[in-house]
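What follows is a set of structures to go through.
In the two assemblies presented below, chain A is common to both, partnered first by chain B and then by chain C.
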Partner chain A sequence: MRRALRLLTLLLCMALVLCLCGCWNYTEVDDMSIVAGVAIDKDAADGKIQLTAEIVDIKGGLNQNQAGFKMLSLKGKTMFEIVRNMISLTGKKLFWSHAKAIIFSEAVAREGLIKTMDWYSRDTETRSDVFIFVSSEPTAREILNLNTSKKAILSFELAQMMSDEKFTSTAPNVEIWDFIDKLETSGNHAVAPLIYVHEQNGKKNERVNGCAIFSKDKMIGKLNGKETKNMLFAKDGIKGGVLAVNDIHGVPTYSLEILSSRTKVKPKLVNGKLSLQVRTVTRTGLDEVMTTKDFSGNEGISSIEERASKALRQDIESVIRKLQQEYHADIFGYGEIIHEHQPKVWAKLRDNWDNEFVKLDISVDSKVIIENTAKTSRSIRLGD
Partner chain B sequence: MKNTDAALGNRQDASKIPSSQPLSPSLDDNVALFRRIFSNDGTLRVRVIENNYGTLLRCGLIYVDGMTDQDLIQNGITKPVMTYPFKEEDHGNPAKLMEKIRMEIINISDIMVSTELDELVGAVVGGKTVFLLDGYAGALNINAQGWQTRAIEEPTTEKAVRGPREGFTESLIVNLTLIRRRVQNSDLKFVFSDIGTRSKTQTCICYLESLASPDILAELQGRLAQVEIDHILDTGYLAELIRDEPYSPFEMMGSTERPDTAVSKIMEGRIALMIEGSPFALTLPYVFVENFQASEDYYVNYYFASFNRFLRVIGAFMSISIPAVYVALVTYSQEMVPTKLLLSIAAARLSVPFPTIIEALIMLTIFEILREAGARIPTTIGQAVSIVGALVLGQAAVDARIVSAPMVIVVGLTGITTLLNPRLTGPMIIVRLILLFAAFFLGIYGYFFGLLGLVIHLMSLRSFGVSYMLGVGSIRPQDIKDAAIRAPWWDMYLRPARIGTRNMKRKASRKKAGSR
Partner chain C sequence: MGKENIPAGQSISIAVLFIIGSSLFMGASGQSGNSSWIAIILAMLLALPLMLIYARLHVLLPGKDLFDMLILVFGAVAGRVLSCLYIWYALHLGSLVLRNFGEFGKSVPLTSTPMLAPMLIIGLLCVWVVKGGIEVLGRSSKFLLLFTFGVIVVVQLLSIPKFQFHHLLPVLDSGWKPVFTDMMGSFTFPFAEIVVFLGAFHALPQKGSAVRILISGTLIAGVIILLVTIRNLLVLGPDLLSSLYFPSYVAVSRINIGDFLTRIEGSSAIVFVTTLFVKVSLCLYAACNGVAKVFKLSSYRSVVLQMGLIMVYFADFIYKDIMQMDYFAHHIYKIYALPFQVVIPVILWIAAEILARKKIRKQKTAQN
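Right after this comes the complex of A and B.
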């Protein structure tokens, strides 16, 4: 009875949420330009912002509901100025609620994202659940302009790509609200996925791999895909992906599918000296064995686990060292964890956290557990 | 025109004859009196019969052709009276003679003596036969009624795959037998009265004395007594005349063509109201959930019945909501529509010349036209409606880009969900339009405000003192049993709250006879 009442209350509250989404502008769907994604560049010559919007080009006709896209590009001093001026190009007001991706050029990112991002998160027409990317190519618009082999709307493809990103974990999954949230938290640095043009056989495709590291809102460096995965391990951001494991001779032989992974970070205060202990526990399934050598004995499995654990520990350590020494940026959010566990210590550290982070003693302990061997329990045996 | 005026003048003349005028002892005078009252009425039959045993005896029969049973009159009245061997001593006292005729000669069970002229006139128009005796200032009022009625057929408005196939007819007395046959209990009461100052339509209140609330019964009788109308042709007249909340679009009394439904309502403590000439019984008090109950629910498996009821409730909700929500989403809250759906809607709407609201109104109006046309036209050309509707107005309008394809889906869904609840068709059209306009002016806010208004309106309604939304929103198991679901019969051991209050217990217990 009480549970039913609670459920009812919950449902009513949820129904109220529906009321909060209304926009008072009456517009017909065919009278607006639906923006799929935007690329933001900076013109080096005059210092103006250049905004390129990918707009869904709706083709009429019952049998051709497949929507195409068209590109619009405009320069201006501020974002909002450009956005409104775009009406003079399209003749229709831009509709932002269904935009899926923002791509910043590296130059814009290095100069600081707040300048261009503020309008997007502030304006009432836009939504803050849009994915952000940093272009690894010279400009952002060339990625959006890619005439991909699939001829589909690139921004929607990117959104699909990000939702499947959890199966590879080679790029962080960052939405604009998340990015701004990281900027506003002390003891935390933001990251954003990097986007490339991948060229093969003369066909160009977009590829998301690796991440850009930010200090405050300015980009300071890059991590490649593998480093990004290890970085995600270090900050408990892994939801899936593959671990490749070498055999005894150092040849990559086994693939482990990550089923679940948990990272616990514990700050320790010994004699006034702060150290961090990062422990990861990864449950995996053995999904690929590139040899006929038998592994079915417990020894075989446990030795694979051991090698995997060791390799993972080294990888995580190396990415932490890299961040400490090269970039002086705590993108793992360790500062926040210290804030939670040792608030008094944090009070002393917070003003000079970037330097303290460099000096911080961080030890890593990884454990990889193989829970199953997928559909078969043994290697493929060759017949005699 | 002139004829009508003359007839009207005569009728007025006739009505000027004082009703208190006594009958004359003379047969010829009486016959002349009746002829004057029924002037210009070609159906009046006056038959003078004579008996020649001893002294000449003259009698008169007055009846209306077509409403009497000719065989009965012949074998029950004329033949016995004409052939009875009267003796000389019978003739002295006309009153005694009349008594003898009534008691010994006329072979019909229902006979009354009357001297009131207006009562006799009423009897004649009601199909009874008036027997006059020369020399006696009084008459016999003999019930030899007989007329053609429609046979008992399967009710066309409330079909059931499983369950009784009998439906009410236009004959009140046949309808009452249909009820009586299902409840063979002296507790079942039939109270008659006449309504309609000119038509004098027979009306019957039907209830179970031990269950029906005396307050509601008194209220009903009070309201019926206040009805002032010159004629009623269907219970629909009464439903409007005595209902609560005269301005609400919702029905405040149930109407059914099925005797089994009427009986089930009576057995829950409700009261049924029937009139001569209408195959629809009114049941009261009426609550909102009854709109979703079908007689078949109670005859089939309760899982299936509950599922069907769920479909009807969802259907009613969809029927009022779909056009409004579509308009609100497409013209205001495009961000709530999934991206791919929005793109396909936008593509479909491209080059459609009208705003979405006009599109919705066009299509909804066309649907209502098709519905009304389908209900009115003879069944033999009924197929033309579906051809015109489906092909010409649906496919062609989309191809010609007068309306968009999603709108056709919206209206189609609206239409089909409306058909799930035939009892709510009328109110739903109005509610749907109100919500549609609210959504057009205020977007999704407007839709929710409209819905809120609807709930407030429904909550404020009462039918004969019983809240219209009785049990809706309650989470007491007892209230849900015959509302949101149809509970198994072994579990419905109480009658509905606030209606069957005089004797709540329907069954002794929850016992299931078949289970161990």
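Right after this comes the complex of A and C.
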């Protein structure tokens, strides 16, 4: 009896093994379609969303050392519907964890991004650290389609580009998470990098430069690369990049490499009137001198600093004016800063912030400091 | 079977893990936005007097647990009725916590697994440990607490690069009112839930230790919850925080150390499971102990499996969906739990004091 009971227990335990043998939803890698990036367009004719996915092709040959890719495109009414319907094209469920880029066409962006973005941030299979872009070309998919001529996975290239973006600072670095964060925060509007097709000698290349300005979730305008850099200066988003400085005659002569930059925004209340003081301090290294004139004297360096500071101040001012007058959109997050430091004033401004921002008195003060002159201490001297 | 006994250190571990249990999952209730940390500090302070009352019960009626106390103080019938209420509360709380875990599994890592499967497995584990006795639970908590500490500290350090301190400004953005609402929320869930621990008070070492156990348990757990809440706030910001069901999980998923150390949220979810395991086990223990006391069973062990299965099954149908769960946890629970956590214990305390005085007077008159 006792032995029979033991045997029964053992059998039951072994039966348990059957349901403990691993994951319930186990999927092999070759049963998944790994998405690298997506492009989202809107069909003007029937108003449907068109989703184009760049998929990593994991079938590798012996002499093929790079993963291939394939493109899938499908139309539908909602994002998730399309994503699931794609199974009818691939026969495999799409796997989103490695997606790196989402490109929206301008039409989609102008109509409002929440429509297409919500699924991506809500779903549990997707991750919120994917980069977003707005296509400056008529459609978003033609950018992803560049991969056929480049023979490389474009989305991964874009991700690489964004992680090196800090050395040029001509486009903002925006993850879908940051974008939604900006949408939810009051006193702040979102931006997204713009992406072009850059054509030269018949060779097409993608180029990220400039940014799209949003008011709520709708795109309302664009800034070019230089303006974007000044915008980043105004909102403390600069991590690196180059400042070109003119010489006394207005000829571009010097290049300053930005080592670090800090922007401080201070709201000030004087006699009940609110004004903002934007102060930037940029530490740079002199990295290029396109002249033989000597600058090694202290005056030379300090006059370059002075000119650079002045030019930077004017640039930042002009981009702030542009946003105030043309777009009425506070993409700098100044409203949020006022909220944090002057909550009582903000309570009055909050509901009408876009209009208040236009009237806001913003003064800019920039300081550029040259800390080193790279490897050489003077300009190249011509021998006699 | 000899008398069960858990040393003070193990009891503190149980208390800490019990309190941080599901609040690590669900996050503190967040109407007060960026001032939720103030609400937690206030709730912690508010919980301290309550802990003193609980501890005083242990001094007044040493060696007794909640159910003994109720029957002793209120008489055989009324005491049993109140005991039944507490059995219900412990059972219900255990189910709620299991369901939190089930919903977490369903909505994040195991989307196509039926919710019952993970809940049943954890539930059976809890049945096993409760059958083993409160001492087993004490020993495992002491070990699990170290592990939990380790993971929380590491995750906390790794999140530092994502901290945005301006999220804390302006302090008290929306005024004191939501802070007080949140304070009540955090007071009932999780701090005052420790009332369930009263169901295991007979196992505590003798006189006076209950104060130390409850107060230090509350303080340690309070500090952990505070750190986690502030981390979530700094990483996610008050606006997004309010839209998430499982803020801690999302906050950890933001960690990215040099594009190398990413996606560690899955491993950090282990902490959820360990704390939840302790919480459910203690609830189950209290419920079974109550049943044994009410029906004068010789040992609570004979009902553990039944109660455990009821708990798991109850957890399965207690809510319709996650929206309901969120609403209950953050809106209804703070009113529902108040009688169990405050009203009945306070009445019990007053009655026990009177009883104790009477006893002393009787002894005096007897001596005279």
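Simple rule for what comes next: the second predicted complex is superposed on the first by the 351 of 384 C-alpha atoms of A that agree within 3 Å, B and C clash if a C-alpha of one lies under 4 Å from a C-alpha of the other, contacts with A are read in each partner's own complex, and residues count from 1 in each chain.
Methods note: a contact is a pair of C-beta atoms (placed from the backbone, for glycine too) under 8 Å apart; a residue touches a chain by one contact, two chains touch by 3 or more.
What you are looking at is a predicted structure, and each value in this text was computed from that prediction instead of being measured.
Look at A:8: by the touch rule set out above, it reaches chain B but stays clear of chain C.
By the touch criterion defined above, A:29 reaches chain B but does not reach chain C.
Of the two partner chains, neither chain B nor chain C is touched by A:73. For chain A, the partner with contacts to more residues, out of chain B and chain C, is B. Judged by the touch definition given at the top, the superposed model places A:341 against chain C, while chain B stays out of reach. Using the contact criterion defined above for the overlaid structures, shared-chain residue A:124 touches chain C, although it does not reach chain B. Applying the stated contact rule after C-alpha superposition, one finds that A:185 touches chain C and leaves chain B untouched. In the superposition on chain A, A:373 makes contact with neither chain B nor chain C. Of the two partner chains placed by the overlay, neither chain B nor chain C lies in contact with A:324.
Touching of chain A by both chain B and chain C, each in its own complex, is seen for residues 23-25, 97, 127. Interface residues of chain A facing chain C in the complex, by the touch rule stated above, are 23-25, 97, 124-125, 127-129, 163, 177, 180-181, 184-185, 336-337, 339-341, 343.
Across the complex, chain B meets chain A through its residues 330-336, 339, 342-352, 355-356, 398-399, 405, 442-445, 448, 475.
For chain C in complex with chain A, the touching residues are 107-108, 110-113, 117, 166, 169-170, 173, 237, 239-240, 243, 250, 253-254, 256, 259, 262-263. Contacts from chain A toward chain B in the complex involve residues 1, 4-5, 8, 18-19, 21-30, 32, 34, 56, 58-62, 64-65, 67, 95, 97-98, 100, 127, 156.
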